[in-house]
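Pasting the structures in now, so scroll down.
The following pair of complexes shares a single chain, chain A, combined with chain B in the former and chain C in the latter.
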Partner chain A sequence: MSDTALENKQKQKRARTRNLIILAVVLVVMFLIPQVTSEYVTYVVVLAIIWAILTGSYDLTTGYTGPLTFCHGAFYGIGAYASALLTLKGGLSFWVAFPISGILVFLFAAIIGYPGLRLKGHYFAVTTFFFGHFMYLVILNSVSLTNGPMGLRNIPPPEGFLGITFTSLNSSYYMILIFGIIAVAFLYFLVNSGIGKILISIRENEELSQAIGVNTAFYKVLAFSIGAGIAGLTGSLFAHFFRLLHPTTFAWMTSEMVVIMALVGGLGTLIGPIIGAGIVTLILELMRFAPEFRFIIWSVALIAVLIVEPRGLMGLVSRIRGGKK
Partner chain B sequence: MFLQQLINGIIIGAAYALIALGLNLIWSITDIPDFSQGGIYVITAYVAYFAVKMANFPFVVSLLMAMVLGAGIAFCIERFLYRRWTGRGRIQLLCAIALFFLLSNMAILLWTAKTKIFPSYLPGGISLVGFAVSYQRIVVLAVSLSLFVAVYLFIMRTKMGKAIRAASQDREAAEVVGINISSVNSAVFMIGGALSGTAAVLISPLYSVFPTMGDLPLLKSLVVVILGGFGSVAGVLIGGLGLGIVESLGGVYISSAYQHGFAFFVLILVLLFFPKGLFGRV
Partner chain C sequence: MSAFLEVKSLRKEFGGVVAVDDNNFSVQQGERVGIIGPNGAGKTTTFNMIAGYFKPTSGTITYEGRKISGLKPHKISQMGIGRTFQIARAFGAMTVYDHVLTGLLAHHLHLRPTAEQHERVEYILELTNLAPFRDNLVKNLTIASQRRIVLATALATGPKLLLLDELMAGLTFVEIDETLGELRNINEKMGVTLVVVEHVMKAIMQLCNRIIVLNYGKIIAEGTPKEVSNNKTVIEAYLGEEETYA
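Take a look at the complex of A and B:
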């Protein structure tokens, strides 16, 4: 008995060292990308990082806490437009607008989530789908504020400091990469903390965790709002990186892509959705020659994932590992 | 002006109610908010368009074709996809949204994103003091209302209808007393698909045919389902007409840019104050 316990402990230790080595290699590769590859590849990797943060933060709500939502793209869009407008019309510095847009989206999500998350069954999912579409309509139609279908142009890049400027592709790449690392690390510690355990308990059995005294409504709104807030911050980065915004970037296709990426990777694993985001972005990019096929392939892929392994890639991995034993 | 908008609202509302009726039956029996009906709406509209435009079929024939096609697609979706995941609502909902995504994008692939104008099948209309209604709009209203009556009679008078009512109240109990749930499922999906197809073909000549044409009718009929409450045929009709009228009048008197956003406000208000819908169960 104690032998197997010891063996397990060693196995865990080995697994941890292996994971740390993989993490280190991935980080080194990510830091080297702009130095050794072309501008195009760097650009694609920036997109992949942005998608990865969105998908990872989506996983906090849907994967760890449970409620299915379809409006992550809307929060991303609100963050992007809020930050762009604060700098363009409010004259604020990016470094002020960036946190403000995150907090704004956090509060916004709390206002939506507080009444919404009390709904049972699929009502909330359908409501978020609507909310996503509604926000798109607002962005598209508030012409005096968002410039409507013409989009916003000339969004200033982040101001430089300590001799670092953010006008070049490479420096923006590093800024987005570092934000991505911080965001993912934050999510990782959050889901492994006591709060994370509460969230998982809500996902597994909401009535039971309520019965043992967990304020499930509070934690559900909290997870939803934190996920949304991170999406808002990501939107702000996106706005100041690409320096132009268009409403269609935040139409419901975006929310849908986040859901697909998270499912391809495996909901409720954090690392799965991040890998899923990377894979899906890469394949989307490779399929640029046939844009009309892209969404068809992804919707078919989503249905295939649901049929073959609803837990996504991570589920497949654990199934293969389990089979080996 | 007011009367004109009221009539327009009633007509578009009748079409929403038609899609919502099918969605309501499906949702109350299988617990799936069937987004794929939005995709069926798009595909049937295109097929009817080509039937009329290319093959010169009469409008009535294309309408029947759309009904059969819609019922067929919905039947296959339920039989080969949703049924795998009975009792796993999350996966069914994700699959429904993926199918909606798939079918609307298939329309882009097959027939390009270019808007197509559905030929008018019944020119002319009635013009009275203060308002004018084209015959085509009257057809929308007449067909919608007669289908409503037909579905109502089907549910209330036939044996299958009785089974549907029983299943919507309690699936397990219905199964225990020997009701064949899988044929009930097939029946409601076929009714839903046929109604979506009908709504699509009725509406297309008034607006036009394009790949994202299903988005707004789908979202609005989902609102109507929630408004009307599950299992209430009358609730769906009143909810549909109500939403149509609110949109039409709001579009004129409040803001035309947000005409399609009113459904969202109505939804939020109803969910906040009447979480079970306005009419509940029959």
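Take a look at the complex of A and C:
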């Protein structure tokens, strides 16, 4: 009995060392990318990082807490437009607009989530679907504010400090990478903390969770809003990195991609959706040679993945390792 | 000083159906009370009203002198009323250890569980004989074990009153005896008041010092196990029916 316990502990220790090594290698590679690869690759990796943060924050709501949502792209868009407008029309510095846009989206999500999350299961999912599309239409049609389908141009890059400027691709890359690391570390800490256990209990059985004293309504809104807030911050970074916004970036397709990436990676594992985001971005980029076919091929591949392993890549990993289901 | 738990003219209607029909009963601190009755007698509905899952159509429930009818389930849990479910779908993706720990965190949230909380989990795992399964995923265990895990988690919240809904359904005789021992421990050593809904007659007769019998939503008898099993109305409504199976 104690022998197996000891063995388990050693196994855990070995797994932890291995994970740390993998993490270190990945980080080193990520830091080297703009130095050793072309501008094009750097751009693609920036996109992958942005998708990874979006998908990771989405996993907090849907993967860990349970409610299926289809509006992550809308929160991303609100953050992007809020930040762009605060700098363009409000004359604020990026460093002020960035946190404000995150907080704004957090509060906005809380206002949506508080009444919305009283709905259960599919009903809430449908609500978020329409909310997402509604926000897209608002951005598209509020021409006086958002410039509508013409988009917003000349969004200023983040102001430099201490001799660092964010006008070059490389420095912007590092800023987004560092934000990504902070965001993922924050999410990792959160889902592994006491709050994470409370959230998982809601996902597993909301009634029982209430019976042991969890204010499930509060925690669902909290998780939803934190996920949204991170998406808002990501949107702000996106706006000031590309310096150009167009409503279609935040249309239904974006929310859908987030869901797909999370599913491919494996919901409720955090690392899965992040890897999923990277892989999906890469595959879609590699298939640029056939723009008409790429989404068809991609859809078929997605269905195949989900039939073979509904738990996504992380499910595949645990199956290969021979872990229990 | 009013009773520990007091139910006054409690009524619940679903559409036109009266599930619980103007019932009055009270529970004193430290008691082991059983609620029995045929299927559909309103036992679980009564539980759901005490625990805050259903709002009573009329009537009041007071607990430690405070009115609790109408409060949300988590509030009632925070006040010290724990419950288990007839159909226990436990938090399957968690390990047994984390499952019990979640009960503690739900009442005293810490980002990192404290050493005291870890100790408490160990204590409860020992008490409920779950220690050997601590690292197993809950979903890989049997339904009977899952019910026991839900009980352990309810205990972790430090309740003063536990509502146990058919904890022993489907257990073997040996398991029933084990569970009865555990429940007596919980009642006597931890001082937790128990209210038990159960179909396993042998268990409820052995465990409880008072039994309330429901039929068609109404209390038809109340008393010690002996009194109840000799009560003519009860035999007609319930035990007579049961005997034909036994």
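What we mean here is this: the second predicted complex is superposed on the first by the 322 of 325 C-alpha atoms of A that agree within 3 Å, B and C clash if a C-alpha of one lies under 4 Å from a C-alpha of the other, contacts with A are read in each partner's own complex, and residues count from 1 in each chain.
By definition in this document, a contact is a pair of C-beta atoms (placed from the backbone, for glycine too) under 8 Å apart; a residue touches a chain by one contact, two chains touch by 3 or more.
Predicted, not measured: the structure shown is a model, and the values here were computed from it.
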item	value
Partner chain(s) touched by A:Thr165 [first = chain B, second = chain C, both, neither]	neither
Touch count on chain A, higher of chain B and chain C	B
Touched partner set for A:Glu207, first chain B, second chain C, both or neither	second
Partner chain in contact with A:Ser38 - chain B first, chain C second, else both or neither	neither
Touched partner set for A:Val300, first chain B, second chain C, both or neither	first
Touching partner for A:Gly121 - first (chain B), second (chain C), both, neither	first
Common ground on chain A, meaning residues reached by chain C in one complex and by chain B in the other	none
Residues of chain C defined as touching chain A within the complex	51, 53, 72-74, 77-78, 82-85, 88-94, 98, 101-103, 105-107, 109-113, 132, 135, 137, 140, 150, 153-154, 156-157
Chain A residues touching chain B - in the complex, by the definition given at the top	68, 70, 115-116, 118-123, 125-127, 129-131, 133-134, 137-138, 141, 252, 256, 259-260, 263, 292-293, 295-296, 298-300, 302-303, 306-307, 310
Of chain A, residues touching chain C in the complex	1, 8, 193-195, 197-198, 200-201, 203-205, 207-216, 268, 324
Partner chain A, residues of chain B touching it in the complex	27, 31-33, 35, 81, 84-85, 88-91, 93-95, 97-99, 101-102, 105-106, 108-109, 215, 219, 222-223, 226, 257-258, 260-261, 263-264, 267-268, 271-272, 275
